[in-house]
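Once you scroll down, you'll see the structures, which are given as structure tokens.
Next, two complexes with subunit A in common: one pairs it with subunit B, the other with subunit C.
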Partner chain A sequence: MEFVGYLGDVFLPFNFLLLLLGTIGGLILGATPGLSPTMAVALLIPFTFQLAPAQGLILLGAAYTSTVAGGAVSAILLKIPGAPANIATTLDGHTMAQKGQGAKALQLSFLASAVGGIFGVLLLIFLTPVLAKWALAFGPSHLFWLAILGVTVIGTLDSSSVVKGLLSGCIGLWLATIGFDDIMGAQRFIFHPALGGGINVIPALIGLFAIPQVITMFAKGRASTAAEVIVVQKSPIKEAIAEVFKRKRALAIGTGVGSIIGLIPGVGGQIAGLVAYDQSKKFSPEAEKFGTGHSEGVIAAEAANNAMVGPSLVPLLTLSIPGSPTAAVLLGGLLIHGIFPGSDLFDNHPDVAWTFINSMLIGQVLMCIFGLYVAGLAASVARVPHSVMAAVVLGLAVFGSYSVQNSMGDVYVMATLGVGMYFLERFGFSAAPLVLGLILGPIAEANFIQGSMIANATSSITSYFFTGPLNLTLIAIVVASVGYSFWMELRSRRYTSKEEIMG
Partner chain B sequence: MKKWIAGAATALMTLTGAAFAEGHGDYPDRPIMLMVSYGAGGATDFQARIVTMTAGNEDALGVPIAIINKPGAGGRVGWNWLASQAEADGYTLGAYNIPHFIAQSIEGGVSYTADSFEPIANWGADPAVFVVAADSPFNSMQDVVDYAKENPGGLTFSGAGLFVGHHIAALQLEKAAGVKLAYIPSNAGGAGAMKSVIAGEVLGGVNNLSDAFRAREAGNVKVLGVFDLERNSFMEDVPTMAEQGFDIDNASVNFRGVMVPKGTPQPVIDHLAAVVPTMFENSSVQGKMSAGGSPMHVMTREEVQEMWTARQATLQELLAGL
Partner chain C sequence: MNDLPRNQHIIASGVVAAVGIWVTYVSYTQEPAAAFLFPRMISTVFVVLALWTFGKAVMGRSKVGAGLSAAAMKNIAPGLIVALIYIFWAARGLGFYTASTITFFILLSLYDPAPHAELRSWIKRIIITAGFLAVMYALFAGLLNVYTPREIFF
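Then we have the complex of A and B:
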């Protein structure tokens, strides 16, 4: 209960001001397409040079929590996921916004984020030593199976059929091989200098999700002068709170999956939202409603991506190993003040450590309050006429892709993938499995290569990848997940007409 | 009125003409960009941000330096960009990592060599060290090599990738000890390599001295040897490889510094070469660097040129067998 003693520090006037600044700034940065949490935190590091260590970390901690939640705003309203964490939010969130329930979707997402986020930070506070062991338990073979588990999710994710889902997943896996291979440095499919570094996930995300939409909007804008104007329904906060707690299953699955997966270095943050979405769909009696603007989808995805914030810092704070790109940036923020994460942090600078963790806890609450406040205003975005909206989204898409690494190459990648995706979508393929393939490809490949190198040096590949309780458990889940997908496919096929499959 | 406009126009033209005639006398007159070919939060990025933070001071360049990250493919993306696309006008600088970019240019497949760039100054030198987990039975490099002799090719150890300082160190160790080792390159950089040592996935690892220092402070690893010519002030107790009987020099030491693309005007290079090292000597920069556990090693343009040439020769010989 040591953290309670330092809770007061967060509320000192200057510290609290920084916390507010970090939260509001984070929400705005998070809502800007292309500015991922990692970039937002990196942008703030120079400001912490002038601050005391604890104050600098308050700013960074608050910004980290609220950028993750802020990403939901553009995901829901514009269908541009700001970071991989928000992909799953677009699936139901944007459909809700199209139906005029944007305000409700935003409220649900902020409430679910706060619940998940607070749970995640509490885990960080109370269970850090236990969690550190868990984070280290995942070696190359386990990460490989985990990535394969992610691949099995692809088939059931937001496509008109399993086969199309798997096909678009394969396109994603292929796209992931472009560029210099991470381990050996071999060049693959590089036919333009812009592809040397491979396909960056953020421009790909923006292109795949936003561009097909822009093209559709332009097409619609020409078809009728009286563009359809969506009535934005008012949504009382009380109802949203009741809704979140009514959907206990989605909330629990989201929070649980987010905190467990978020902990695993290198993998967690990117796929937590998608895995949680898929799991709550499989466990829900209303599975068929997912993807049509169902509140459970938004709740599960957002609870998961904020639940991951706390646990994702466990490897950094205890072992001094940054488990995610954002954690690496935070490490820089600590080192610049001469503080080494690890036992040194908690033994010699407990004020810094606990103030930082507390600021994330309070930050979650503030983020929720501000989020709810702006939800009603933000949702009126849906009222903007299609032609104007298309131009704005296109502008944001170009800006967002360029700003990732100040490269026009990324803008070309974004545009090319976007136009390609427009045609794929017309044939019933979906962007979410494609992106998942793009994210999981390198994880599966690199860990397989590393695992087999270790296996060849020590034992055999079979015993390295197929023995040990953790490997076997993961394999069992993979088999169960594949089996479930096929069973669902066979069962639903009887009721699906040919036209529906054609999309 | 017309006369007045014509007069103003003439005056303006004379002014701009004067500015052109003066050439680079007023360089720099706008902010400068420093390209870092690794992601935000990495050691190179972190150090680059610290050593350039005083650039805006009157006694330094007088204009701020902004960091631009162009990560990817172990640094190749950024250095390709600097060599082929960046403007050589003195407003685009790049951070270099030796031996990485020289080793990559020897390996091939990139559009740069050491001749594509002009060094300005060196700020840091981060030697590679050999680490093992805190509970490992190995207590010296001799224990490690003995194990490797009993199990040829069975000693697994991690590092940050191929054709980087860690890989060079691994090759040197294999050559000096005359054993076959299993080097496992990590795709998640030094942090990923360190994690696999602490988690016990591999028996040991080559890592940066600065990161190993932190991991040792946290009680997670033992450091068995430094791949450098002399002991490092951050860990006086750790012997060098040469002290332990292995003929290994400082070819794997990760030197970090500032360079510009070839074709940058000579007056600009001279100005930068004179000012940038004094920026690195700034006491607040030195304080922040040592607080962060990052060893500094300031070198002037001439010294860096010498070091580049020496590295080129060593690496060509070492990598010839691959």
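Then we have the complex of A and C:
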């Protein structure tokens, strides 16, 4: 119960102000189609440089939590999911809004998000310290395999093509080696002076997540934002609260599914929402009502995508392995303040760790309260033309990248990686494994070198890296995740071929 | 069936394969070898996967990815050119704020669905641009104290 001791820190005036700003800003950003939670958090990182580590993380954590929930606003009122995590919400949420129950749908979505989110953060609170202590048993070989696991799991599960996902991870791992070698001081792959110091993670993250969105908005040309915002009628909140607790099954399924999926690295909120929606439908006696504006659909989907947020940070805070692209961005936010996740975080910086986690807990409540008030404004922001949004994001990306080290080199790196990523994405490559490769590359290399030194002094490299129960377990998970994804890909291709044959 | 022209897949995977071959070549030929141990491991996997992908593209079996349509490229090209000029020349040449303002206004004019013939839409664009400049200046110069290149004007 160590976290209780740091609960008061969240309510310090400046910390609470940041939490409010992050929550309200996140709700508005989340409602904006095209601005994903990952991109919102990446663009916010430069604003945390001058803050204390805990304060910076409060801002980033609040933005992460509320962008996921804010995406429901445009999903319900515009039928455009603010983020992939809100796709399932559109199915019943928008139909409810069309029936004049927009306010009720929003209330249900924020209440379910808060319940799911609080449960998810509680899991984070109780699992993280235990796992962080357990992580002390990890040696260099285990950390090496964990880093490889992080890249392969996301590469295989988060991508539409297993080979291209793994290839994206390899590109990220290679990018991480650019610059001077830490041990020998040798120059590696420095083909431009801007790369002398290696690739800074923050500009790279901004480029990889923001620039492809900017170009995607360019691709829409001069098309207007034709989506019509449904006017929200007032609805008593008491009714929504009663409805949420009446639909306990949907709430429990959403919360449970979201929490479990959140713990699995690489499986995002999009899947959590859709799986929860599907399971809720299967177990509901009113299954036929799903898709016609049924409250259970909204509750299950929103509880799931917010329940996922807390557990998705467990691998990051315990093992330094980000389980999702947004967690990878948060890792970048930690590293710039010189804080390394894992047991070090809880032993040496408990104030930072617990204030951050507690702020996510309080943030869920604030998100629920403010979500209902900000929904109207957020829906209007969601209609901001692509032209304005693209230009704003481009400006923020350039200024944000430059402000990391006051270096134009970082801006060039950001732009090059961003433009490259856009074209790669068009051909099935994925940003998430590339980012994880970039972030986990140095961890993998440092532990590989350290492990090799130990192996040379004690046994052989093969026996050091390929024996022992923990090594073998991690290798088995790597092989299983790659094998499973290949099998799934082959199976879906076989089904597609059958469908093609059947006409 | 995938409508994407096979050539697009071949070019994209060919570029990735070329990078993979270069990375592998550098990893295995540069000294000191110890500094390139990890890059050698990665590049070996990288080049195998890249050549596999390239081979699939050549055989017309690349299915994943929506590719680029001519219409999308036509829409992207002007904005991308403006953005690249801004980033690689104007930001430093003209100063961040000046270049950002000009770029913002050009992008807005290029992609704003409002009719170009109406004076009202131009006034709106100028007001939005001025607002953008004010917010960026307040955030980065005022709040974060970031000193950006200021060549002309500010």
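Note that the second predicted complex is superposed on the first by the 267 of 503 C-alpha atoms of A that agree within 3 Å, B and C clash if a C-alpha of one lies under 4 Å from a C-alpha of the other, contacts with A are read in each partner's own complex, and residues count from 1 in each chain.
The definition used in the following text is that a contact is a pair of C-beta atoms (placed from the backbone, for glycine too) under 8 Å apart; a residue touches a chain by one contact, two chains touch by 3 or more.
What you see is a predicted model, and the numbers here were worked out from it, not measured in a lab.
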**Prompt:** If you stack the two complexes on chain A, which partner ends up touching A:457: first (subunit B), second (subunit C), both, or neither?
**Reply:** first
**Request:** In the overlay, answer first, second, both or neither for which of subunit B and subunit C A:340 touches.
**Result:** first
**Prompt:** What is the contact status of A:424 with respect to subunit B (first) and subunit C (second): first, second, both, or neither?
**Reply:** second
**Request:** Scan A:183 for contacts with subunit B and subunit C and give back first, second, both or neither.
**Result:** both
**Asked** Between subunit B (first) and subunit C (second), which, if any, makes contact with A:49: first, second, both or neither?
**Response** both
**Prompt:** Which of the two partners, first being subunit B and second being subunit C, lies in contact with A:256: first, second, both, or neither?
**Reply:** neither
**Message:** Contact-wise, after the overlay, does A:405 reach subunit B, subunit C, both or neither (first, second, both, neither)?
**Reply:** first
**Asked** Taking the superposition as given, does A:325 touch the first partner, subunit B, the second, subunit C, both, or neither?
**Response** first
**Request:** Go through the superposed model and pick first if A:164 touches only subunit B, second if only subunit C, both, or neither.
**Result:** second
**Message:** Shared contact residues on subunit A, subunit B side and subunit C side combined as an intersection?
**Reply:** 46, 49, 183-184, 406
**Message:** Please output the residues of subunit C touching subunit A within their complex, sorted ascending.
**Reply:** 1, 8-9, 12-13, 16, 19-20, 23, 26, 30-32, 34-39, 41-43, 45-46, 49-50, 52-53, 56, 62-68, 71-72, 74-76, 78-80, 83-84, 86-88, 91-92, 96, 100, 103-104, 107-108, 110-113, 128, 132, 136, 139-140, 143-149
**Prompt:** Any idea which subunit B residues touch subunit A in the complex?
**Reply:** 39-42, 45-46, 49-50, 53, 68-74, 76-77, 80-81, 84-85, 104, 107, 109, 153-156, 161-163, 182, 184-188, 191-192, 194-196, 198-199, 201-202, 214-215, 217-220, 288, 291-294
**Item:** Parts of subunit A lying in touch with subunit B, wherever the complex brings them together
**Value:** 38-39, 42, 45-46, 49, 136-137, 139-140, 179-180, 182-185, 187, 193, 196-198, 200, 265-266, 315, 319-322, 325-332, 335-338, 340-344, 405-407, 442, 446, 450, 453-454, 456-458
**Request:** Spell out the part of subunit A that touches subunit C in their complex, as residue ranges.
**Result:** 46-47, 49-50, 160-161, 163-164, 166-167, 170-171, 173-174, 177, 181, 183-184, 186, 188-189, 214-215, 217-225, 385-388, 390-392, 394-396, 398-399, 402-403, 406, 408, 411-412, 415, 419, 423-429, 441, 444-445, 448-449, 452, 493, 500
